[in-house]
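Going in written order, the chains are labelled A, B and C, and every chain counts its residues from 1.
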Amino acid sequence: MVYKVKTGKFEGPFGALLDMVEEKKLAINEISLAEVCQDYLNYLKSQINMPRAETASFLTVGATLMLIKSRSLIPSFELTEEEEESIEELEMKLKLLKEFRVLAKNFEYLAKAKQSLFSRQALLGYNFGFLPPDKINIEFLREIQKRLIDSFPVPDLLPQKTLAKIITIEQKARDIISRIQSRIFGTLDKIISAKNKSELIVGFLAILELIKQGFLDVEQKNLFGEVEIKKN
Amino acid sequence: MIISNEVNELAKRIEATLFVHGDPMVLEELAKLLGRTKTEIRQAAENLDQALISSALTLVWHGETLQLATKRQFTQDVEALVKDAVSRDLSRAAAETLAVVSYRGPLSRPEIDYIRGVNSSYTLRNLLIRGLILRSPDPKNNRSYLYQISADFLKFLGLNRQEQLPQYFDFKKRLEEALKSETKIENQ
Amino acid sequence: MIISNEVNELAKRIEATLFVHGDPMVLEELAKLLGRTKTEIRQAAENLDQALISSALTLVWHGETLQLATKRQFTQDVEALVKDAVSRDLSRAAAETLAVVSYRGPLSRPEIDYIRGVNSSYTLRNLLIRGLILRSPDPKNNRSYLYQISADFLKFLGLNRQEQLPQYFDFKKRLEEALKSETKIENQ
């Protein structure tokens, strides 16, 4: 009988994204990332049982993909320095993970090759009768055992808060549709009216979804102007 | 000292087997394990004997058994090593392992590893040779052992039975819960 | 195959000691026990490595430790004798984490998480229990641990030294270049 630690079945946002890029046999760059953006968002929406802590990091990567996708849809779309950096970092991390995956494959291959080396058990064949160590008594044993029990890992409860304020993609999409209907048109900033980064991400996701489905039309009057969104 | 040693493959297989097995091994068992006849094994063992001339190891023939051991001229080094290993105080890891075996034994090494969150094979050896714990074959799995507190150690602690350890039932229950909380999977 | 192996006395003393010790042994400890300098030990160990060419046994070098083990061509003969053997399955998450720890270790969990983009605590715990990785307190931050691969992991893959890991030097170099631009590793 072997005891196995439960492992999370989620491989994280980079792992999932890399799967999508590799499935399409694409190189890692902005073009390929814009291409898999929709797959990624669909994946995200399908993961209803995703741990909360994971969801936050998935959304952060989703936001970066949204930026990439937005720029590919609206060429004049301006990005801040910070946003440019987040795109670069995403690409770098995907490339790095890809390298490690190649090495991991080598390990899996070696492990299956049945070529393990074996050593001897320590001090095999020696027997000393009874050699009690100093400083061991009942109270010491109890104390050690208690400390071990107290240190047992407890399930991660911490990330509960993280998502408390994040609205689901569907909720935000409904909210935006109703606001668009009442105002006919507005700027991106006003429509999303995000209170924090997470909400902004969800708002972005919603807008993109609506553009794709033909509900909204995006217009940028001049090069550095605000992006206007109209109901079609 | 230049020695020519043409060691045939079977001799090496015997060497590897005896190295890992450790204890004396009956020729018959060796033959069965390596899929050869007893005569072939005996011949190859003679061969291995020759090859070990330049090694620190030697083949010990005792009746129908074979064992790999260190040569007599290294006895002093080996004894110093062994003395050193058992004269030290128990490490933190060893004390922890001893506590788990005392409170929850008999239990298997995978169970101990699981409770401690680290591999315990080295510390278990140390406790075994000091006579603080005992091991016996696991009746449910012949490739595994069960470990439990030794009678000598119990006596040393001034107890008659394991159950007399302070907070025994409370701790035992909590250790059991820790084991149950995770998925058990069959070995291979 | 005729091999001349003039094995010096110290090499044999090392062989005898490692044979009995079983586990990986720190060079420093070996030096102390045998009353020689670390440099002498290292040299004699290289010598022993050569002498073992015609043997079924081999030396495993891992960090500052040495261990005696069977060669990879005898795996099938001996693995049946091993009790509580490590399961051969490597999940994808486990292999990926081992790759990060092998080529970037010793490193902390936040660093591993950063590279993998996912929380690695369960996978690390699993690898620790199987003895494939080791953890030690971070000298720069005593509330944190550093993880590195173990000699058992090398043996599990059938390797004698860390440098035998596939593409070891090549990849380490490329990795350092790739990470040079990236200095912001978020610590939790």
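To be clear about the criterion, a contact is a pair of C-beta atoms (placed from the backbone, for glycine too) under 8 Å apart; a residue touches a chain by one contact, two chains touch by 3 or more.
The structure displayed is predicted, hence computed values, not measured ones.
Taking the CA centroid of chain B as reference, the farthest chain centroid is that of A.
Chain C has its Cα centroid nearest to the centroid of all protein Cα atoms in the structure.
Chain A and chain B, compared by their mean Cα positions, are separated by 45 Å.
Annotation: 21 Å between the Cα-based centres of chain B and chain C. Chain geometry summary: the mean Cα position of chain A and that of chain C are 32 Å apart. Under the contact definition stated at the top, the residues of chain B that touch 2 or more other chains are 19-20, 82, 85, 108, 110, 113-114, 117, 121-122, 125, 144, 187. Multi-chain contact residues, meaning those touching two or more other chains, occur in chain A at positions 2-6, 118-124, 126, 153.
Residues of chain A touching chain B in their complex: 1-6, 118-142, 144-146, 148-149, 152-153.
By the touch rule above, chain C contacts chain A in their complex via residues 19-23, 58, 60, 67-73, 75-76, 78-79, 82, 87-96, 98-100, 102-103, 115-119, 121-123, 125-126, 129, 154-160, 165-167, 171, 174-175, 178-179, 181-182. On the chain B side of its complex with chain C, the touching residues are 1-7, 12-13, 15-17, 19-21, 33-34, 51, 54-57, 70-71, 74, 77-78, 80-82, 84-85, 108-110, 113-114, 117-119, 121-122, 125, 143-145, 187-188.
Residues 2-8, 10-15, 53-54, 57, 61, 89, 92-93, 95-97, 99-101, 103-108, 110-124, 126, 153 of chain A touch chain C in their complex.
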